[in-house]
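Order of writing sets the chain letters: A, B and C. Residues in each chain are counted from 1.
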Amino acid sequence: MNELYSFIRDIVLPPLLEGTLVTLQLIVLSIPLGFILGILIAVGRVYGNKIISLFCTIYVLFFRGTPLLVQLFILYYGLPSVGIFFSPFVAAVLGFILCSSAYHSEYIRGAIQSIKSGQMMAAESLGMSRSQAILYIILPQALRRAIPGCSNEIIYLVKYSSLAFMVTCVELTGAGKIIASRYFQYTLVFAVVGAIYLLMVSVITKVINTLEKKLEIPGIG
Amino acid sequence: MPKDEANEVVLKVEEIYKSYKGKEVLKGISFEVRKGGVKVIIGPSGTGKSTLLRCLNLLTVPDKGQVYLEGEEITHAKKNIHQFRQKIGMVFQDFNLFDHLTALGNVEIGLTRVKRMNREKAREKAQEELRRVGLEEQASLYPAQLSGGQKQRVSIARTLAMDPKVILFDEPTSALDPELIGEVLEVIKNLALQGMTMVLVTHEMGFARSVANEIIFMEEGKILESGPPAQLFSNPKYERTRQFLHKISELYGE
Amino acid sequence: MTENLALIFQSLPYLLEGAGVTLGLVGGSLGLGLIIGIPMAVGQVYGNKYLASLISLYVWFFRGLPELVLLFLFYFGLFTLWGLNLTAFTAAILVLGLRSAAYQSQIFRGSIQSLGEGQMLAALSLGMKKSEAILYIVLPQALRVSIPGWSNEYAIILKDSAITYAIGVMELLTRANFIATRTYKPMPIFLACAVIFIFLTYGGVKALNLLEKKVRIPGYAYGRREI
């Protein structure tokens, strides 16, 4: 028993914690950037001219229609053949941003379209330009309504960040795979890996829920 | 002729036409509103009253015709239209308050974002406008926490804060429960007394009679007749006008 | 250009075979998830406290872990530990199916709860037993309401199936990768693979929409679809 404990503490945990750090870097970068890009795509789709709107539609169609892993392979293994090189970490972050932005954008677009046209009219009647009205009137309401969907998407991203390992970026899952195959201790190691993910997911869910409560406004939801 | 301030034309509308998908909704509307004047537009629903009001600040772009604000044509202003819209207030039938902002926030936002007034000044002015409509106590409430009448008064304060040259009201009391109509009409009546220039679409005939200095009767996209309330109510030129007034007084029990 | 097209054309039969494996994975795990997910939903809504929290624990576990971690944990760890000698394909169906059951149970639970208590009360008042009421009254309605959520689940599982590449299932992406590394032409092959996935995703959702129309009963409000 004592042996098992010290095996976990001395052999298993150190690399896993290092991997966790990489995972945290991956998601801390991709969550906000993916969300912001999602807003831009949604706005482009609803308010952009024909060309922008069509581009955004195809973008969303592609990234929601294909597996994230295929996207990562294209970024990391495909692009070098046309002269574009990314490090594993950058390829992973880029893939996460692009993919999650497509999903975010759909929740945000739905929210924008659910806002009554009178809001835009009232804003314009005050003398706001289109972009002011979008920024100050439409988005603050739409983003609040999109929160439940986008929160889900963020939780998904935390879990899908494990796919970074498939393009050789050694994060939590990767660190687990390496140590597990070295000692042939898959069950034990991945039980620990799983516990760390459950912890991360629970904490982030809590944070999002708190944020959601903070942003709550009577009559919007 | 000496220039008479009180007679200065604020809003001039010339031959406005508008069609939706081949269906002609406005068929050449012309009128003008002088400073301090209150023009009330009445007419059956579907006649194009709302469309006309939206054409006046170009929320809807007319197919033909011109709108002048204090002598300047705004119809083809395209780029500058935002500047003109600041000077033309609009109050909607269903309020269109910004749901994510408090009453105070609703009144402030045009000042801070459009007029770029500093925050403190904007807050002060917004509070003053809320006081003007009797809602200083409700400043921190969100639209969802206000009654219909209160919502409409906030939306009037929001418009007033921009110091408009003219305010357009599109059936401001039609979405309200009967017992809440009075408080909103009271606010509008006070504005009229203070000399605000206004164009009002309403079915409240008693109110129209008491505040308007001209009534316009619109039917099927055209102005059928217009004149001072006394004349139009008691002695309309057309049978159609008489019928409409009769029907309205039956519906609204005036 | 023509060279790339020729490569894609040559690889197509091999890739499409992989697409068949992908669809097999999806069908198997969706089916398994359905068979486990329905009783789980019923248990969560109508079961006693202990059963309900046991199911919640299951759902929390399978929804909280990345699919990749589950694959490694079960395929290399638990299945071996339990002495099961499974092919990668079978293991993948089991893991994806158990995981999908967690998600599907929540779809069905939401549908059951959206029906309201009236249906159950009316059934009981006719003299049905609770189990009969669930079987004949509640589930036939709840499952219909679930179809949009369910076709969403199809699209998700389809895309998630590519992750079984990690344990060597010969599905579409694994095969694409195989060709890519042998020909040194990753771009055209991965793009072809992406296009096939796009067809499978939107084609499948379209087909499920048709199914939904077929079983639709007037008066049912269906939820929002999200792909």
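Quick note on the criterion: a residue touches a chain if its C-beta (ideal position, glycine included) is under 8 Å from a C-beta of that chain, and two chains touch if they have at least 3 such contacts.
No experiment lies behind these values; they were computed from the predicted model shown.
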Exercise for review: Quick one: point me to the chain whose Cα centre is farthest from that of subunit A.
Suggested key: B
Review point. Of the chains present, which has its C-alpha mean closest to the combined C-alpha mean?
Key: A
Review point. What chain pair shows the greatest number of contacts?
Key: A-C
**Study point:** Whole-Å gap between the CA centroids of subunit A and subunit C
**Key:** 21
Exercise for review: Just give me the whole-number Å value for how far the CA centre of subunit A lies from that of subunit B.
Suggested key: 47
Exercise for review: Could you give the separation in Å between the centres of subunit B and subunit C, each centre being the mean of its C-alpha atoms?
Suggested key: 56
Point to revise | subunit A residues within the subunit C interface of the complex | key: 61-62, 64-71, 73-74, 77-82, 106, 110, 149, 159-163, 165-166, 173, 176-177, 180-181, 186-188, 190-191, 193-194, 197-198, 201-202
Check your understanding: Quick one: in the complex, what on subunit A touches subunit B?
Key -> 116, 118-119, 121-129, 132, 136-137, 140-141, 144, 217-220
**Study point:** In the complex, subunit B residues that touch subunit A
**Key:** 54, 57, 59, 82-90, 92, 94, 96-100, 109-110, 113-114, 142-145, 155, 158-159, 162
Review point. Across the complex, what residues on subunit C touch subunit A?
Key: 60-61, 64-69, 72-73, 76-78, 80-81, 158-163, 165-166, 173, 176-177, 180, 184-187, 190-191, 193-194, 197-198, 201-202, 224, 226-227
